[in-house]
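Below, chain A partners chain B and then partners chain C, in two separate complexes.
Moving on, here comes the complex of A and B:
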């Protein structure tokens, strides 16, 4: 599942370099109170400075900071959209932000929530947890956001404490990290399944494809190693020979050393659980090195840009990609697809579901804050009259019914960790584009 | 045979590290500080190559040299406008400033290049198997360039008047100045050279890797490792330390998981520094 790459490297390099210089020059005038933790520093900064005015607010509005726990403007309720719009995952961030805006448009067009129309404030994390914390703090303290939607895995984990402390709901459509299996459930939700589900789906695909041997190339991150371990167990249990399980570091110019043993073993398939940067280089180097077997990629590579970057002719018919996906046979998804042209993009239905769930939770609780959403979000998505849009749900609630929001991405029943069970799609590279070849509904993995 | 394959990969990695580090070490010796922004100069070289090749349709043989020249000029401009005015404040201030410069360059590249991955419009590498060892044409180019750059730089520093002046300044700036060596000229030539060398490494980064805006800065830790291992002495030790670290990292994969490659690099640095605190070179000499 989507993961963020921490930009700690710059800081580490600077610190290392400083240490070297300090040692070499014998300098002893280094300051000892370096930088306050972002969580602590940011609120102070925002408390002292005038809050930035949202672009659509009247110019006459006084530039005083908004109270932290109230909507930014009377008659509106603010939701933060915290996504990576730059960096390696920027393509996904835009999909998520667009789908949320579509959902907001539908909700506002239907008359808005009991707390008023939804206003969004969008911030780019660049995939960096530190930036994510700073922007989230700004959204809460300055903009009065009651929910923050769209963070990737590393940023979700980094925001858990902030969400609980500030009683603001955070929700992700693609953060599969298993760390949230422990931390999620109270103010922390996701409309996608855990990475372990991806591992199970990948393992099922690899086990049933008829391979005699499989090599695993796994990026050195928790979000890729965890599902790869699950897939490895399934493949082993199927009696398939695992020639290599290589955990590599991303950010290298070349991965020839990591590929040496894999290419020598010449497996029937390589399971590549990695990001776009490392993945593209690995694919090219493996093919150039003579690998002629099949591939299974994880979600990061489920984008059309891969064909340009790798060269479509190298992976056509041989490459497959696995990712959590909406069930295309569900009437809720079909309806969503009819209304929204971007419905087929990865995680677009999950993103739409997030904002609809938030809006329905506001309606159900009648409370215009994160605590209100948190208190009823499980109720509106499980048990009661089935609804698939905000307006349906609001009308049912007005009639005094319990509602069960059936999302465009699936049934959306949250487990104790705030995670939904997922369905998965396998796509194949065909003529320079990804084409669906297999779908595993959530029931596939229910024991 | 498998071991020899790892060794080959290590030599190529080492040669890339030489390309990436030799300009950094030249700056360190002559200008007297660690230019953290050097890694982002690789980024300028890489993304200029990408822009000229993939967006403007220039052949890589034209785009590459153009990117090197552009990177050299950018490096010179940065040195004259940012580093020169604060030179007297000492190496620590210059280092911290260079970290800020790295962030600025990274931000500008981010803003200009945008999201996602970038690759050149060049063909897939061709693989040869001399004596059963797999090697690609791009790997051969990296090794050849590292050799050519090293020999050229050695000849320049030893056989030309300006090269000798640079060496003299590196050993003793005050004495060099008192003996009539033009400090400004040597400084500008040094910046052109070191930034141009970063540009060469950037071009090769674009050729062999998949570019993201983060990728160039990811190289800084290994550049630092090679430079620290080399010490303040001759640039020849940069060649030796680049090869040592490159080979050690890649050959280590034969025995230990690949995820520990950076650990291997820095373990070597630590072990060498324990016995030779000045690095491989020992004392400072150009």
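Moving on, here comes the complex of A and C:
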């Protein structure tokens, strides 16, 4: 019996060792194979296609290149789309992934990048950082992704180490977490401002609305606590009475205990910085408990589904929501809106900007990897000829110009932490939909 | 699909969860203890490693201290902390039996999870500790992912060997006797309560070490990683593999991780396909569990091997 066990043990040990060795032997295919099509592709492109250099001999002699036919020969470049398609932020993940898909479609239709057409690999994180890391690793190691777009706050923070280690750019259109104010900047970027800006916008709205007292209900998450803290400071400075500042844990069947003291104080408004699941329950319970004041929600609740989930009659005219938004008066946004029907959804312009920036960075650096993108992404979005689409930017670069990508979400100038400054919108619940009532341009918060 | 990458991930994650499954196997199948809070010991190991190796807090960090010690000190501390936590929680809980023990251990794990969520000075609250030190980055020509897989596999083998030796000894037979008939075992001089406590403590150490390796591998120690779901996954692995055998427990863990990784490794190139995959993943996982539980392939392999001997 003992001998049989020992035999089993040896077999198990051998199997494990074989797995490790087999994987190690496959390393060459794995690592290089992933990058090879991309790296091989670039020289081919320059060798056989005059496309990148038509600028030297403009229009007259060189026939207009027909880039649409070439990318197949130039290979592909892979970008990972890592978003929550399920879970609390699933609605946003879908918006972001769709906008990226639209951007990729535009870029490929315009002939693709110097590294070839963009191929996307999409994965659902479910909002879980561990899944995010494993999916991101898979995208890099197995699929050869050179950039990963779309992670939420917690996952962005968790991916910082991986991004720097693997030299892959990660970028988010909605990760406002203030932790990235310190960690971001090198391989880590976002096309949205930090939560500090959200907090400032919420605080400004609460301070100027004429409330005498406000209660804060804040989900115990970093992405909700940090804007709430900033908003609290603003509200305190405005001399408004803060009746409660309750930090609650999500996932509870009821929030009666947390609401007891809030409802007893009967504030003029409740600032609810929470997710969709907890938010819906909380709103219903607060109204059932007799709360008749106004609400200000954070971006998580800025989706139309909230009206069905809560019941539109409970929040119509009384609820407001604040989120980072594009300036609708910008010509770049108007143009984006004309081309893409989903442009008005939260973070759609920011998502489109991410993929366009990545494509322009590939074009500008001529280097088909994350390090290439990282080396030029700031230059591409600051100083030079203003461009608002990939094809405009590519043509300007081919002419030897320095370009400044003006995004659909606004001017994208990255600060040292890889963050852009942003504008904010306040919407009101009216007849079962969100309607714009206030817009704070980025200049509002510049000191 | 990139099979070498898939294999290496399965070897790493499977080995880590294999260690936890082996510990649960020792506690349940041999010690007769139903532990529904095993995730807490895993979390203790991961957090201890992170706290011991993390640099001091700066900027927006909310944790009170990071010792910035070398990785091996973090690993040692992880095992010790898991042992200490087992001693602390084992003392009141092990007086209970069966479902009462299950409920109490589950409650302990939930309390600990809540503590991690709310006490920001220890583990940085909901944000947790990110970018935890990965010690095997510069091992010459060998890529760190292979070193990680080897380390996790070695930990699994060491645990397997230690548990096998323990269970094959007179001590193991005494444990079996206690599990089968406690009164009879006690009447022949076996200290049942003491031995049960010892098994609880011994099995917590590799779980703590596995937690440390997990924190290194994922570079994370966040409350969201250590929910009751981990406990259930380990239990499912144990049930899938057949709880009466250490090899079955190990195979169950590998089988479970392999299936998860195969689903994840499939590249979806459109949003729609990824969305559909995300929706049906759990359905397929559920169907697979039902099939495995119905046909019990791992258990059959075990029985066939036994019959041959």
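By definition in this document, the second predicted complex is superposed on the first by the 373 of 447 C-alpha atoms of A that agree within 3 Å, B and C clash if a C-alpha of one lies under 4 Å from a C-alpha of the other, contacts with A are read in each partner's own complex, and residues count from 1 in each chain.
The rule is simple: a residue touches a chain if its C-beta (ideal position, glycine included) is under 8 Å from a C-beta of that chain, and two chains touch if they have at least 3 such contacts.
Keep in mind that what you see is a predicted model, and the values were worked out from it rather than measured.
Contact with chain C, but none with chain B, is seen for A:121 once the two complexes are overlaid on the shared chain.
Once the two complexes are laid over each other on the shared chain, residue contacts for A:249 go to chain B and to chain C alike. Contact with both chain B and chain C is seen for A:86 once the two complexes are overlaid on the shared chain. Legend: residue contacts after superposition of the two complexes on their common chain; A:220 is shown touching both chain B and chain C. When the shared chain is aligned, chain C comes close enough to touch A:142, but chain B does not.
In the superposition on chain A, A:258 contacts chain B only, with no contact to chain C.
Of the two partner chains, chain C is the only one that A:158 touches; chain B does not reach it. Common to the chain B-facing and chain C-facing surfaces of chain A are residues 5, 9, 12-13, 16-17, 20, 22, 25, 27, 85-86, 94, 126, 220, 249. Here chain C touches chain A in the complex through residues 1-11, 13, 15, 58-60, 114, 117-118, 125-127, 130-131, 134, 137, 142-143, 145-146, 149-150, 153, 156-157, 160-161, 164, 168, 218-220, 222, 224-225, 247, 250, 264-265, 267-271, 273-275, 277-279, 305, 309, going by the rule given at the top. On chain B, the positions that touch chain A within their shared complex are 2, 5-6, 9-10, 12-13, 16, 33-34, 36, 39, 90-92, 95-96, 99, 102-103, 106, 110, 114-119, 124-127, 134, 136, 139, 204-205, 208-215, 217-221, 224, 228, 249-250, 253, 257-259, 261-262.
For chain A in complex with chain C, the touching residues are 1-2, 4-5, 8-9, 12-13, 16-17, 19-20, 22-27, 29-31, 81, 85-86, 94, 97-98, 101, 119-124, 126, 128-130, 133-135, 137-138, 141-143, 154, 157-158, 160-162, 165, 177-179, 181-183, 220-222, 249.
If you check the complex, the residues on chain A that touch chain B are 5, 7, 9-10, 12-14, 16-18, 20-22, 25, 27, 84-91, 93-94, 126, 220, 246-249, 251-254, 256-258, 260-261, 263-264, 276-281, 284-285, 287-290, 305, 308-309, 311, 314.
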